[in-house]
Amino acid sequence: MVVSLEDRGLSTGKLTRLRRMLHLHGAQDGTVLLLPYDHGLEHGPRDFAANPRSGDPAYVLDLAVEGGFNGVVFQIGHARRYYGAVAGRIPLVVKLNGKTEIPPDDEPLSPLNATVEEAVSLGADAVGYTLYVGSPRQSEDFAAFRRVREDCERFGMPLIVWAYPRGSAITRRGGRDSFYAVDYAARVAAELGADVVKVNWPSAEHSPLVPEEYRREVPPQEQLPRVVASACRALVLLSGGDHTDGDVLAERARAACDAGALGLIFGRNFLKRERADALALANRLHKVLSESLTPAP
Amino acid sequence: MVVSLEDRGLSTGKLTRLRRMLHLHGAQDGTVLLLPYDHGLEHGPRDFAANPRSGDPAYVLDLAVEGGFNGVVFQIGHARRYYGAVAGRIPLVVKLNGKTEIPPDDEPLSPLNATVEEAVSLGADAVGYTLYVGSPRQSEDFAAFRRVREDCERFGMPLIVWAYPRGSAITRRGGRDSFYAVDYAARVAAELGADVVKVNWPSAEHSPLVPEEYRREVPPQEQLPRVVASACRALVLLSGGDHTDGDVLAERARAACDAGALGLIFGRNFLKRERADALALANRLHKVLSESLTPAP
Amino acid sequence: MVVSLEDRGLSTGKLTRLRRMLHLHGAQDGTVLLLPYDHGLEHGPRDFAANPRSGDPAYVLDLAVEGGFNGVVFQIGHARRYYGAVAGRIPLVVKLNGKTEIPPDDEPLSPLNATVEEAVSLGADAVGYTLYVGSPRQSEDFAAFRRVREDCERFGMPLIVWAYPRGSAITRRGGRDSFYAVDYAARVAAELGADVVKVNWPSAEHSPLVPEEYRREVPPQEQLPRVVASACRALVLLSGGDHTDGDVLAERARAACDAGALGLIFGRNFLKRERADALALANRLHKVLSESLTPAP
Amino acid sequence: MVVSLEDRGLSTGKLTRLRRMLHLHGAQDGTVLLLPYDHGLEHGPRDFAANPRSGDPAYVLDLAVEGGFNGVVFQIGHARRYYGAVAGRIPLVVKLNGKTEIPPDDEPLSPLNATVEEAVSLGADAVGYTLYVGSPRQSEDFAAFRRVREDCERFGMPLIVWAYPRGSAITRRGGRDSFYAVDYAARVAAELGADVVKVNWPSAEHSPLVPEEYRREVPPQEQLPRVVASACRALVLLSGGDHTDGDVLAERARAACDAGALGLIFGRNFLKRERADALALANRLHKVLSESLTPAP
Amino acid sequence: MVVSLEDRGLSTGKLTRLRRMLHLHGAQDGTVLLLPYDHGLEHGPRDFAANPRSGDPAYVLDLAVEGGFNGVVFQIGHARRYYGAVAGRIPLVVKLNGKTEIPPDDEPLSPLNATVEEAVSLGADAVGYTLYVGSPRQSEDFAAFRRVREDCERFGMPLIVWAYPRGSAITRRGGRDSFYAVDYAARVAAELGADVVKVNWPSAEHSPLVPEEYRREVPPQEQLPRVVASACRALVLLSGGDHTDGDVLAERARAACDAGALGLIFGRNFLKRERADALALANRLHKVLSESLTPAP
């Protein structure tokens, strides 16, 4: 399915940056494969244990360029110290907020570590913001998000929202990975003005704690299209989650394309593979994405 | 009953926008029927289960135009991405704050997701703000409301207040839908400077927990006029609540008009009906509203 | 006792406005009788049950004009919508903060609903601020008060402080109506820079929980003069509290004058009486106040 | 011991004001005797019970002038209403923060009631700030202090810090009056940039809860010099605490001078004495201070 | 190992100041030995008990100059009052935040006591900020850090981060001194944009509470290089901790150099030694550092 950028209410500046990311980089055909790299902050260096080289941002940048990614996602520290070497060769997404996993996660809030203006100054083509949908601290979260969104409007900067259901309240309603939670999170991002929404794969497990309307089980292949619909005109990127088998990932990529998602944003699946495997996986996913543009007859 | 906009202390800009909404749109006779559409944020996509098409803001906009509504209420995300297609054909109300229903509701607070200035820039004719009357976080709520109200004065933007009694304290005093709670909430909105107050229908059930002055049961037909009186010179809109029978709604519309309310703001009753039924309901309510202008002899 | 405005460190602007209130309105002889009207916010419409007409701000304004009051106290909503009709005929006091009585009152805080600047723009002759003396949230309260006071200095606007002991801590020290609590509250307002302090009548009941220095019972007639002394050069207004017998009120008015108070600020005693009774009471109190200027030989 | 103002890193403006306070007022010989008067806020009028006249700021000002004090310390309310009468005849210290004693004291924080700029506008020669060392709310306290300190740098205004160990945490470490607590508090004020530190007399009682380094008992006469040393180049003023025998106070004054303190800041010992006694005490303390400039051979 | 300042994404201003610190001061060969001195605030004067002279900032400055340190770290109070005497002779690092150890440490936050701008005005060559990695108050901490970092970018001021795992959450995950905690903290500082990271020596003890990836014991000599790697292009300084044997310190210094650290920042090991011993230790450590530039063949 060809996902168009038109008719989404995007300003000229946002279109400019998104088209650059989609058509001048990666497969250059409008598909998207992004490499997020903020695990050192969110999980700590333990995420680099499977493949110690992945702890080095220079390695990751090189992997992203070689693998033909449409962009790399860095926190401000790495963006300032590493991105210069490949500036202009691969788009930069500055992840504006982020936190450690050390404190309890029942009332999560992801503090801002950089501004949209700083991302502009570094030549970034998008910024990222994690919204902890359902957190008891949502009033602080939404307030910070609003200011980021306003700055994005002002600077014509695409805003990618990590729409993550989290906190004790969502646990009591069936958990963060339920179709209900993912669907709701996508919608919240859309209602609040995200340009792009990053969602997780809904879990196959079904919880009886979800609201009534979600108690009827929805077949997996129907879930993703509904999440994409819930995101309205916001573009959708699928997360990869933790290390997963390549066939499963390819299948998910296909399902994401079929569902109308813009593309993929896979981190640990590339970081935890050896370089050659990671590049092979990138290649394979690029193929799936590009094939989706001309659906089988 | 003809509800006049005069002598309500409204500035020129507010009058301009309200008259446009009342006399150039909808029935064009001074009555009001608004279509609110922030359920995706407040309740999540579960509210679209009864009628999946209602999950699409484009469908809702089309319904609002076809149904001759006086305006549609959107959160900022939808306002930015969808309203452009019908800009100027139907008034836009930007709902400035909003939250999910996931966290516990004992100390609710609805964070700001957009500003009055942004609503102005989109050509909106009014803004909406949810005030959780009685919430233990009222000091934060009132403070945010004050700034919104000041901006509304500055820009001549009508301010519609969702006056919602909520939180553990109102539960201990008889519940959020008691006549006491609805009456108090309308008053609070008026005292704090709302131009328009959206109130819920008081519940028919009577609780012994309300303050002494409300312990004597008030006949249903007397409740609404008293709520309208409590709102002083602020205009009153009646909510529709969840899906309800058409006859009941028509009766409520009539009662609202008799009580001196300006009009109706019904969401789920249109969203949860199929398109044809929704349009028929809109038609029916328009009739009730217009008939109210020339009361039976 | 003639209470002078001189030698109280009042700026020219404050003197201008206070003299206008004292000598061009009401009895025009320097005495003060104010009609506060924020009960709809603080207590809800239940305070209007005894006399339903009192729920209408227009009725109250008319009563204030007819009764020869020196001013009427409104929250910003009513000030904006109703005061215009009598602008200049009776002074306006804008009550800047206020809250509902719904949430628990153990840590009260009264949020700001308007600014001094807005009061200036409406032609107000004074502003009011409720200080919850002893509340665990006093750091927020004092901070908000400071900014209001600074604005009052800037604009030459008299600042009337509702000095109310409240919260769980004062309950543990003998209660909010003890002589100790009232005396301390008056002092706090003076130390923090109030121009006028509104205090409640100390309760006749004596609690053993007050600090040692207050354990010796002080005769009622000695309490008020001491409270006035504790207020230093801030002017003192006595509250009326809930509906009370006219003789008692007249006696209190006399006691207040003897104690050196500037005047009275009685709300419910006028609102809960029928119009004629209310006007008669106003007349009676005016007499007591004026007689106090020439004490019996 | 002659305490020099040189080599303390004081700006020209601070030196100007401090020298004025030390050499143009009081004994005019570089010694300091200050009269603090914020008891009405901090403790309430109960502190005036022993000598009711002390409740009147005019009495206190007169006492300060007659007693040859180097300055009087007022909250902003009294500073605005009373200081004008003696402006320029005795230095004014505006106490910028302060609170009531009503709420629990386990997490104390003293809110700002005035600004350095306002103190400048009143002709003050110094400002005071209470720092509750060890309070769980130290992050708010330090933040407010920083802004005050920066304003003091900007205006050349001497900053006197009431360095008070307070809160549940210091109670668990041996109490607020332990040598440990007083010593630490003096140091904190110095590290954070106080110009002058007001410390309490360490208690003679010894608690086993203090940190190891303080468990060895330090003779009383060694404690004060160590506190003065801990204050580094910040000048030290000794508090008087509650009403105490004159001989004890004179002895303490002598000890303070021997220890290198700049002088004394005694409130209740003057307020709770009758006027004549208070003036006699002032006279006696002046003598002790002045004699200290020429130590016995 | 020669640690280069190139290719670290440092601005011209930061390079200027860091090169001055590394090549015009101390051993002038690119190695670093810093003397931190904020113990009076962080621990109180108890840290000076072992060597009372160390309580005097003038003594410490003299020690730093004599010992050929590359800089001294002061809180703002000492920086303002003491640094002037040696201004330009030894670099100044202003520690911007700091707190007492009195309140409970389960949710630590270190408030800002000075600004980058003030450090600039004093001629400082770097600023320090303590980041309590893992504290439940990380959202406040990160927010304050972000503003400091932005100011550092604006002024070209090197930013040294005290990356300290602290709080109840890290205790539950194996403790603040575990290799896991130190490694994670270094990474967080790098991700958030530190120029230099100060880390503690990982403890030799191994806790079973650390995350799975850290449960395999890592030999001590492998830990430090991994921490340096986790810090990416941020420079690393090793802390000295409490008083330790000189041989151990020399060994650690060697290990730090081998691991690629920039140098050492030892406080108590100099403060708690007599002056002669302290100077001897400085001499010894300088030698170890300089030798590291030409590794043994």
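Chains here go by letter, A, B, C, D and E, matching the order in which they are written, and residues are numbered from 1 within each.
In this text, contacts are C-beta pairs under 8 Å (C-beta built on N, C-alpha and C of every residue); 3 or more make two chains touch, one makes a residue touch a chain.
Here's who's who by UniProt: A, B, C, D, E = Fructose-bisphosphate aldolase, class I.
The model shown is predicted, which means the values in this text are computed figures rather than measured ones.
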| item | value |
| --- | --- |
| Those chains which touch subunit E and also touch subunit D | none |
| Rotation angle (°) superposing Cα atoms of subunit B on subunit C, nearest 5 | 70 |
| Whole-Å gap separating subunit A and subunit E, where each centre is the average of the chain's CA atoms | 36 |
| Whole-Å gap between the CA centroids of subunit A and subunit C | 58 |
| Sequence positions of subunit D contacting 2 or more other chains | 140 |
| Residue ranges of subunit D in contact with subunit C within the complex | 38, 40-41, 44-47, 49, 55-57, 75-78, 80-82, 84, 98-100, 102-104, 109-115, 118, 140 |
| Subunit C contact footprint on subunit B (complex, rising order) | 8-9, 133-136, 138-143, 145-146, 149-150, 153, 165, 167, 169-170, 173, 180, 183-184, 187-194, 211-214, 226, 229-230, 232-234 |
